[in-house]
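The chains carry the letters A, B, C, D, E, F, G, H, I, J, K and L, assigned in the order they are written, with residues numbered from 1 in each.
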Amino acid sequence: MSVAKIVELVGSSPNSWKEAAQNTVTEAMKTIRGIHGIEIKDKTATIDQTTGKINQYRAAVKLSFGVEH
Amino acid sequence: MSVAKIVELVGSSPNSWKEAAQNTVTEAMKTIRGIHGIEIKDKTATIDQTTGKINQYRAAVKLSFGVEH
Amino acid sequence: MSVAKIVELVGSSPNSWKEAAQNTVTEAMKTIRGIHGIEIKDKTATIDQTTGKINQYRAAVKLSFGVEH
Amino acid sequence: MSVAKIVELVGSSPNSWKEAAQNTVTEAMKTIRGIHGIEIKDKTATIDQTTGKINQYRAAVKLSFGVEH
Amino acid sequence: MSVAKIVELVGSSPNSWKEAAQNTVTEAMKTIRGIHGIEIKDKTATIDQTTGKINQYRAAVKLSFGVEH
Amino acid sequence: MSVAKIVELVGSSPNSWKEAAQNTVTEAMKTIRGIHGIEIKDKTATIDQTTGKINQYRAAVKLSFGVEH
Amino acid sequence: MSVAKIVELVGSSPNSWKEAAQNTVTEAMKTIRGIHGIEIKDKTATIDQTTGKINQYRAAVKLSFGVEH
Amino acid sequence: MSVAKIVELVGSSPNSWKEAAQNTVTEAMKTIRGIHGIEIKDKTATIDQTTGKINQYRAAVKLSFGVEH
Amino acid sequence: MSVAKIVELVGSSPNSWKEAAQNTVTEAMKTIRGIHGIEIKDKTATIDQTTGKINQYRAAVKLSFGVEH
Amino acid sequence: MSVAKIVELVGSSPNSWKEAAQNTVTEAMKTIRGIHGIEIKDKTATIDQTTGKINQYRAAVKLSFGVEH
Amino acid sequence: MSVAKIVELVGSSPNSWKEAAQNTVTEAMKTIRGIHGIEIKDKTATIDQTTGKINQYRAAVKLSFGVEH
Amino acid sequence: MSVAKIVELVGSSPNSWKEAAQNTVTEAMKTIRGIHGIEIKDKTATIDQTTGKINQYRAAVKLSFGVEH
């Protein structure tokens, strides 16, 4: 059986990086069991070129989970 | 003609790092066209030594823009 | 007399990384004088495995203070 | 929707590192669609202390797949 | 107000890397005040495939300027 | 006269990384004299998406050869 | 409650780097409980410009202590 | 008593890198007790200049063993 | 078929580093097709010990060429 | 035959790092022939928590010896 | 007797980086014997703020010389 | 005029690394003015193969001195 060593996901939110991180975890928990922690690796954003406002906050999130090898 | 390869700016806000990032983009768009994304490089803050509260949130923001070379 | 060169603390908050950073500074100022700035080094979080929600935001904060050597 | 950025798995085989890599891919394809390539990151092995023979070949395999972000 | 932390530009010349560096500075001074020094980061060139001659010298130039933060 | 400092080639095989390395050397010896050793730098593979089997083993091979400078 | 992650101190002695390390620990134990080990990170010295003799030995010492997070 | 922290050996085989790794372990177990695992660090080979064939596979193998310090 | 991934050559000139770079390209084009660019990696020189003058300019040049893998 | 590439040992002394280094060499020479030099990699110490004194000096020592490969 | 391991000097010229390198060697040969080669480490320049022209070319030059240790 | 940027010397002593550092400074002060500090970069030693004793302590010492550029 193969076991996960590193899983890093990118999630997003129109509101904040904090919500982007939560969304990533919510999505990941649909398929990965035992996630007990996360680490934020990168924070990026896309810009609405008309208004100059950040319109999507994106967080690259590294998951920690229970399976060890 | 010379073209920009890397531009990294530091912006600030009295309220949050998120607002500091937005302020940096708003400022940068006055002189740079075609900014489509940002990456947060460093987050620092200054401390009010009387109250012990963070009084200025600062974000070093790396800009991505359209001109390629 | 020995002088501090690097001090890095980890603080937490149930609400946000921003509050975790502030809590770390508040705690540190009880024993260290002259803290004038901070730098966020790592942001992690723990997950409530029943709800899938982030239940503790943690920030590793590097302190800058006045004593020089 | 969150998208995978990095997925690195560890698979094993009693016979060879080559088979360990194939086993890792076979296992991963049960849950991840669109894997088109792999990169071998680390090769380790465990030793049978009675015979001194390698009894398990393990390969850490980084997956490349189609979803881009 | 946001302040520049790092600005790196790429300039070119048909004659030499030295001229490419000077052209980059000349161009940059149209919009950035207070440039007092440069550092050459990369030197590349493109090749005319018919003659095999370097036909464009390019220099990536990191600017140092007065505004500090 | 210009002399080679680093030459790194990528070769492949449908059967194994070992054969991919040998194929790279065989190919390289058609144009480079005095190859006395190799170092494996990266091992990758492509996956047949129908069968889930590795269908091409690829090895990036750094050549060592006699000419010194 | 915030917990220390890294504490690195610089201590000195007029006699030796060994004594500088001991002095650093002695000083640190006045305010930090549970120090069980140290690691020497840097050794520097200042020179008496009249005699050319080292007049102060300085050691940057990283502390390991019991509180874990 | 001094204890081993890192031991890295280079072994070889005329047939394959897998056999070179096994040969290294076999040799090491004559003098080191408690080897429970290995990690392959580098794979090199020497070339027979007449035939262009790899004639010696060499593996640099880092040993993991029980004694801790 | 194996394809080149990295080729780095060292060329020289008695007159300048610019000419050393051109000489390297000229030499390389005798055997490598489709070179479209170069990057200067290192610049060294040898010194005439009698006169103290640089007598050979040497440039390590990394080639970019069309074949992709 | 497999040959040693890197051997790094940790030795200790109740008196000084210098003696810890000598002890490491003395111990190593019981099983390794031809040690001609050492390099100090890390210096650590353990602290007597009652007295606050360093009670064990430890040196990680990398050995250089004659067998080459 | 102590022997030089690394000597890196910064020289300058109003005309070119090539001349700055030569000036550095000329200066160094007044006190160091046996310099047989140099390596250019950094190239910087200062800018005349009135004219926008490079007015001083500076080269950090690492010296290679005969004494070995 | 060229100015020193980095000078690193290796000195030795039959007795201790501390004395090796002092000897390096004493030697350096014969030709370099204004040395105000040192940093120890590497500590090595040679071994007497008959007795197994360290017979020469060597310290690579990086000098700090007044001339700035």
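The rule is short, and it goes like this: contacts are C-beta pairs under 8 Å (C-beta built on N, C-alpha and C of every residue); 3 or more make two chains touch, one makes a residue touch a chain.
All figures in this text were calculated on a predicted structure; none of them were measured in a lab.
Student: What chains, if any, are shared contacts of chain E and chain J?
Tutor: Under the touch definition, chain E and chain J have no mutual neighbours whatsoever.
Student: Using the touch definition from the top, what's the fewest steps needed to get from chain H to chain K?
Tutor: 3
Student: Nearest 5 degrees is plenty: how much rotation brings the CA atoms of chain C onto those of chain K?
Tutor: So the copies are related by a turn of 120 degrees.
Student: Can you check how far apart chain D and chain K are, centre to centre, with Cα atoms defining each centre and the answer in Å?
Tutor: Computed value for the inter-centroid distance: 50 Å.
Student: Counting only Cα atoms for the centres, state how far chain C is from chain L in Å.
Tutor: The computed centroid separation for chain C versus chain L comes out at 40 Å.
Student: Roughly how far is chain E from chain G, centre to centre by C-alpha average, rounded to an integer in Å?
Tutor: So the centre of chain E lies 44 Å away from the centre of chain G.
Student: Going by the touch rule set out above, which residues of chain A reach two or more other chains?
Tutor: Touching at least two other chains: none.
Student: For this structure, enumerate the chain pairs that meet the touch criterion.
Tutor: By the stated definition, chains touch in these pairs: A-B, A-C, A-D, B-C, B-E, C-G, D-F, D-H, E-I, E-K, F-H, F-I, G-J, G-L, H-J, I-K, J-L, K-L.
Student: Using the touch definition up top, name the residues of chain A that touch chain D in the complex.
Tutor: Within the complex, chain A contacts chain D at residues 1-12, 23-24, 27-28, 31, 58, 60-61, 69.
Student: Any idea which chain K residues touch chain E in the complex?
Tutor: So the residues of chain K in touch with chain E come to 16-17, 42-47, 49, 52-54, 57.
Student: Where on chain J does chain L make contact in their complex?
Tutor: Contact set of chain J toward chain L: 18, 21-22, 25-26, 29, 34-40.
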